[in-house]
Amino acid sequence: MTTIEPVPYVTPERPRRRLAERLGAALPKIVLAPSFAISLIFVYGFILWTVYLSFTRSRILPVYDLVGFDAYYRLWSQPNWYMAIKNLAIFGVLYISLCIAIGLFIAILMDQRIRAEGVLRPIFLYPMALSFVVTGTAWKWFLNPGLGLEKTMHNLGWESFKFDWLINTDMAIYTIVIAGVWQASGFIMAMFLAGLRGIDGGIIKAAQIDGAPTLAIYRRIIIPMLRPVFLSAVIVLAHMAIKSYDLVIALTGGGPGNATELPSTFMYSYTFTRSQMAVGSASAVMMLMGITAIIVPYLYSELREKRT
Amino acid sequence: QESVEVLHWWTSGGEAAALNVLKENLQKQGIGWQDMPVAGGSGVQAMTALRARVTSGDPPTAVQMLGFDIKDWAEMGVVGNLNDLATEQGWDKVIPAALQEFSKFDGDWIAAPVNVHSTNWLWLNKAALDKAGGEPPKNMDELFALLDKFKEQGITPLAHGGQPWQDGTLWESVVLSVGGMDFYKKAVIEADAEALSSDTMRQVFDNMSKLREYFDPNFSGRDWNLSTALVIEGQAGAQQMGDWSKGEWLRAEKKPGEDFVCIRFPGTQGSVLFNSDQFVMFDVGEDKRNAQLKMAAAVEDPAFQIAFNTVKGSVPARTDVPDTEFDDCGKKGMKDLAEAAASGNLAGSLAHGHAQPSSVKEAVFDVVTQHLNGQITTDQALERLPQAVAAAQ
Amino acid sequence: MSFLRISNLYKKIGNNEVLKDINVEMEKGDFLVLVGPSGCGKSTLLNAIAGLMPPTSGEIVLDGQVINDLHPSKRDIAMVFQSYALYPNMTVEENIGFALEMRGVGKAERAEAVKNVAGTLQIEHLLNRRPSQLSGGQRQRVAMGRALVRQPRVFLFDEPLSNLDAKLRVEMRAEIKSLHHNTDATIIYVTHDQIEAMTLATKIVVLKDGGIQQVGTPSKIYNRPANLFVADFMGSPAMNMLKGRTVADHGVRQIALFGGKVNVAMPSSVTTDVPDGREVILGLRPEGITDEGMVDPTAHAIAKVEADVSLVEPTGSDTFVTARLAGETFTGRVRADVAIAPKQRFTFVFNLDKAVVFDPSTTQRLA
Amino acid sequence: MSAASDSVSAGSARTARIVIYTLLVILAAVYLLPLYVMLTTSFKSLAEIRGGDMLALPRDPSWAAWTKVWGDACIGVTCEGIKGYFWNSIKMVVPAVAISTVLGALNGYVLTKWRFPGHKIVFGLMLFACFIPFQAVLIPMARVLGIFGLANSTSGLVFVHVVYGLGFTTLFFRNYYEAFPDELIKAAMIDGAGFFKIFWRILLPSSGPIIVVTVIYQFTNIWNDFLFGVSFSSGSESPMTVALNNLVSSSTGVKEYNVDMAAAVFAALPTLFVYIVAGRYFVRGLMAGAVKG
Amino acid sequence: MSFLRISNLYKKIGNNEVLKDINVEMEKGDFLVLVGPSGCGKSTLLNAIAGLMPPTSGEIVLDGQVINDLHPSKRDIAMVFQSYALYPNMTVEENIGFALEMRGVGKAERAEAVKNVAGTLQIEHLLNRRPSQLSGGQRQRVAMGRALVRQPRVFLFDEPLSNLDAKLRVEMRAEIKSLHHNTDATIIYVTHDQIEAMTLATKIVVLKDGGIQQVGTPSKIYNRPANLFVADFMGSPAMNMLKGRTVADHGVRQIALFGGKVNVAMPSSVTTDVPDGREVILGLRPEGITDEGMVDPTAHAIAKVEADVSLVEPTGSDTFVTARLAGETFTGRVRADVAIAPKQRFTFVFNLDKAVVFDPSTTQRLA
């Protein structure tokens, strides 16, 4: 009997990947590539360009001869710029905190099984739908002492009522806050409402069973659980605060005096109306640095490996 | 079809109607009109749009522009050349030298001037003035006396709109009134640091503070035409404003001399601060060149000059246009302009971009506005003014 | 007077009548287990007792007081939720201690109580974690801890062990049992698990479609189910249901099964008279059908049945054998080491002591 | 889930509800005030506006301002109202919203379900686009549009809005798809579906809520944009906002507040409509995706 | 050559070595059940086979072809996911038919196939619903349907029955078993349920912390567990582990239990020689400890042990009794109708035929 050689076990060859398959594997990247390229050019390319311009003496149109830090020197010697920064601080803090406070308050009210929710929700949301070019005039009227609230109160017989913030250099920035809060707080309300609706009802039941009164439930359970919403709201509001332009232009045009100047209006006016493009670019660079300081930690926390 | 594209901010009824004259004129010549109106803030948005158009390599045919902006753009080498047309039609002779200063760059015609506005006017409600004695004021002191009388009448003495350019317009009239034309030229046109912090300038700011007392509390941010309306309706006595203000009066069917009185700002009689709207012709391709030239010619057509300026309240840019169609104020304006040009008392308006580039203009506005709104004291203003001007140059 | 009495309770959600005419009484110290198919209203009933969903009508009386309108936080009831419902923003320690905190218990005392409970539940090492950092089983234990830390008037448990693995489940079951023994707590407990129901309850309530099917002790429910539903629902594999017909053989009451192939004695659970020739259903649990070596020596009535084996499922401890005879299928439980294979013929022993008989038309058990 | 859900209410709950409703009604009134002023003003005559109380109802309501806005208000030298510009805006908004939404969805899909090394950096970089001040990109963008031959055209505007909307749409979809179970993608792969099939058949049909949020957000932003509109379009090509600006902020002439207000409300109609109709889905969509931990 | 061969498979996720040196072979038609505690890597292994998570190293060979790099959609493998993974936007019918559609099967043919599967799974009446309108159990059946509608080379089931109630579970188990019988499908199946594992598998793989503990037939795993972990993990209640010491009594090898109180014969499962005086652990499942009436008549070696009853848990079909003796606790299974109560003394019968012995130091079973 002949011995049969055992068939050596051959590792089957890995099939060579065909071109089509490799294309298939790269497909996701191919799909993403255009958007990414667009961002690279139209965001980062333009940022670099702006940075470059800030080192030139560009005035009415870009010129490309470098002159060093001249524009930054001019920028930081402008009282307007300090005013803009100071105003941004006041506006930013108040705008963000008031929007959140009011938004959360309304959201909590709206969450109490309100019958007319379908009617009320759009009422709080609609300001977000209007541009300030549209509503600026109404607000200007409304806050104007001779025409609006003050006059109305006088007509109603409250003669001593005084509300002249719009024309008061010390108070004008607060009118910007009022209008800004009016516009954005509804949106923030929607975010909080969504957050509240997302909370598992069982948790609230559990807290009731644990003997917690409604106030304690909000304070100890619900509001702490809305932390992610707070974070998102702060980011949304911060970027709106930094970009606020229409709001100021429509309401005060930066005045009285320069009392309501903000970095965004500063930048626009220096770049386009004052023909100091280099200074405008320098202010844009400063703004971008400020934004980076806010956004990068957010991105970091957002994109960090999620704990499981 | 050949056509012109015109960027302007004359969007409201009267101005647009006046422009229509131009449009129809061109249409008769077979030239189409692509309208590119960008309203707002005396051309702020329009200049932004223009930058975008020029940068994208596709400038409009003609752009409405003021004073130093024209120079800035010319410097960028993006404007066209109208020399042939200008020589043919003899523009050099009929357009005042002060305007040519802006219409020409390096000796070449680049823009077709439309009109001449003058800013140092005071508009008075005739009824209120009559009640206060009927005598128009001739200097600052008389002005204050008159304003006091208005106050007694229980009306707002001086209607003013608190926007930087309006503050600036008032300020330049006060500078001219307090310091006279020489001082104005030194301080404003030459931006002499000494003049800007001189005692005369202190008086200017003191007067500004004084004037501030006669405003109503709602002046902040108010559009000029609303202030005019206050005077028209007799709620206010007077308004310092350029001659475009007349349009409002006319539209309200008021008659100069009967319902209202136009005078030079007290203390500035015989001097004229002007600004001039011009159509700057941009460097467009040969295919659009013919239409562009036809438009330039049409702008300088006396018929258009009359039609437009009677509505706008301004006076024609050409000195050879008859004044028969104009009303009292218009006639006075034309006469003043001619005299001032002859006597050397004609100077560009700062607030309207005919004295300094916009960077300096805005820097002055910053100081004036902050001072007027009480954010800084007169001392601070005197200190800041030369600094701001220097920084902006 | 009973400690907890629920009378004529109805609950409608939308158009859906989720609970219908529920009547239950409990003494202090009772351990009542609610069972029933998914969606039958068990959680809804617990919610009604806790005050989280007001009943549409009916009355809940606790300790002599009508509590229908009492706010949940004032009822002094503890509840373990089917979905855990842990506070995600609090640590395990805070979660467990929250109820005590709301009752104004001091910090030190609270920590002590939490530690004790955590020890019992084997989660001491997790006290500083947040719920998101726990596995499903660990979360369930925290949910338990939140209830156990209190001494409420009533405990409500909604499937508290469903996410634990078999081993832990057995341990926790023992913990709950000893909690009940040691503190004499009054407990209402929902479960899908028959073993849990049988081993823990002093009383079982079987629900179906929002209505009570039977209330009774575990052995009564298991051995004397009130109707076909209860019989079929309790026990796994389910009770065998064989079609039969009563016959009298020389005066001895018998039931003819498998189309007359097998006659068996009338089970002793039927004490009333049943007329001859009546159709009945004979219910016999798999453990009542065994191999010959496994017959309960104490059984009174047995019957041998030969049938064709169709499926053999060894579970390790036993082997379940499914067989067919005359078109009917039944499952028996034989010793794990009996040699048996599909398609083989096999002799089963029916222990009729354990059989029950139902009326097919009313589905009720004949007593 | 509502905190008050189902809880048994005692007697005091009644007063609590009265307080809640009162508060909500007052707040709603405050929020509505500007709209109310705009609406009533648009129905008043100029004289009534000048002399009267802004809060008063129109004494003699008239549609004159509205018909004027739609059909014969002058914008520049043409007096045909804003209807033409209305369509310009529609022509710009619809493709811009559609393209940016589709791209955002695809990006979100790739960034969550087809991850590759460095996907976080790519996302982070794209997200930053949301925060760039638009004023800073006007000039270079004009140049680029000129090079592409897109200057001064609706397609150019669409392009610009797509570019600067991408960051937001990608963010929305990424957050939404992040919570979308990976198992579904795996199941579809096992079932034999490829990259686009999975997107088209599995993800997109389940993206309703986030599509609503994205579309509302993009629609509002693009519709209301003025800066890009005024810079990258001209004349009769301009979007609504530019025409509106020309109408309300002319430098001379009578301010026809009633016409301005009618125009303003008019310009806002589409966005208002979108918010009112889709508001409910908006909250739902935020819940599903945009707001998350 | 085997049909599916997994060799030296490793999988790292982050720093976590989820699978370690996995070696498994399967023939065509095998039914392999994966068991192991939660988090031990069962789902990960299925994912690796399906191509959804590429292994870090090692090779997967299917039908003679290395499939490591083959895209999941090309592997021709069907999978039922632990989390169902139903397409929420599609109806049940579309869900089940999707895979066929992707393979270009015509509409009519698809409808036919879907209908057949739905019939088997008793979900015919749900074909037009969407997943959100189904109960958990119904969803799980749809997930099954999605796999069953195909004839793939391999089926992967990840806990496919965990959400069904006991009754349905038994039925579905039978369906899977008959699928396997009738089509000779190759199946890999993950479950937590011992009964499922025992009844379905032709081969069981026990995993722990990503490593294989034992591979074998169900009865081998149950009756001859390789080590303490496997012994403890399989079976509920768990196997009793009693400390013992080997002694020789007149040359007969015995084990002294309960500190010497009881000596029992060395179980027959130990065939090698064990030196005297060695510490061992004797493992005996609860069904090996019974009451006297229940003793398996075929048992060779039995021992009677009297102990104090500490807990009695009647489950209906049987009663589990926990008792203490000399500080050790054990659980036995006695007949349901034995009268027995805590604190009572009771005589248990140990069936040593079923006992296994472990080395406490290595935890391995002594053979």
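Remarks
For clarity, chains are labelled A, B, C, D and E in written order, and residue numbers in each chain start from 1.
Note that a contact is a pair of C-beta atoms (placed from the backbone, for glycine too) under 8 Å apart; a residue touches a chain by one contact, two chains touch by 3 or more.
Keep in mind that this is a model prediction, so the values were computed, not measured.
The fewest steps needed to get from chain B to chain D, moving only between touching chains, is 1.
Across the structure, the highest number of inter-chain C-beta contacts is found for A-D. The geometric centre of chain C is 24 Å away from that of chain E, both derived from CA atoms. In this assembly, the C-alpha centroid of chain B lies 93 Å from the C-alpha centroid of chain C.
Centre-to-centre, using mean CA coordinates, chain C is 56 Å away from chain D. In chain A, the residues that touch at least two other chains are 24, 61-62, 147, 200, 205, 208, 227, 272. The residues of chain E that reach two or more other chains are 71, listed in rising order. Within chain D, residues 7, 139, 141, 194, 227, 245, 248 each touch two or more of the remaining chains.
The residues of chain A lying in touch with chain C in their complex are 200, 202-203, 205-213, 216, 220-221, 224-225, 227, 307-308. Across the interface of their complex, chain E is touched by residues 181, 183-184, 186-194, 197, 201-202, 205-206 of chain D. Remark: chain A residues 59-62, 74, 77-80, 140, 144-147, 164, 166-167, 169, 172, 252-259, 269, 272-276 touch chain B in the complex.
Residue ranges on chain B touching chain D, taken from their complex, read 5, 7-16, 19-20, 23, 33-43, 45, 48-49, 51-53, 55-58, 60, 223, 225-226, 229, 233, 244, 247-248, 251, 312. Considering their complex, residues 37-39, 135-137, 165-167, 169-170, 173-174, 177, 192, 194-195, 198-199, 218-219, 222-223, 232-238, 285-287, 293-294, 296-298, 311, 313-318, 320, 333, 335-337 of chain E touch chain C.
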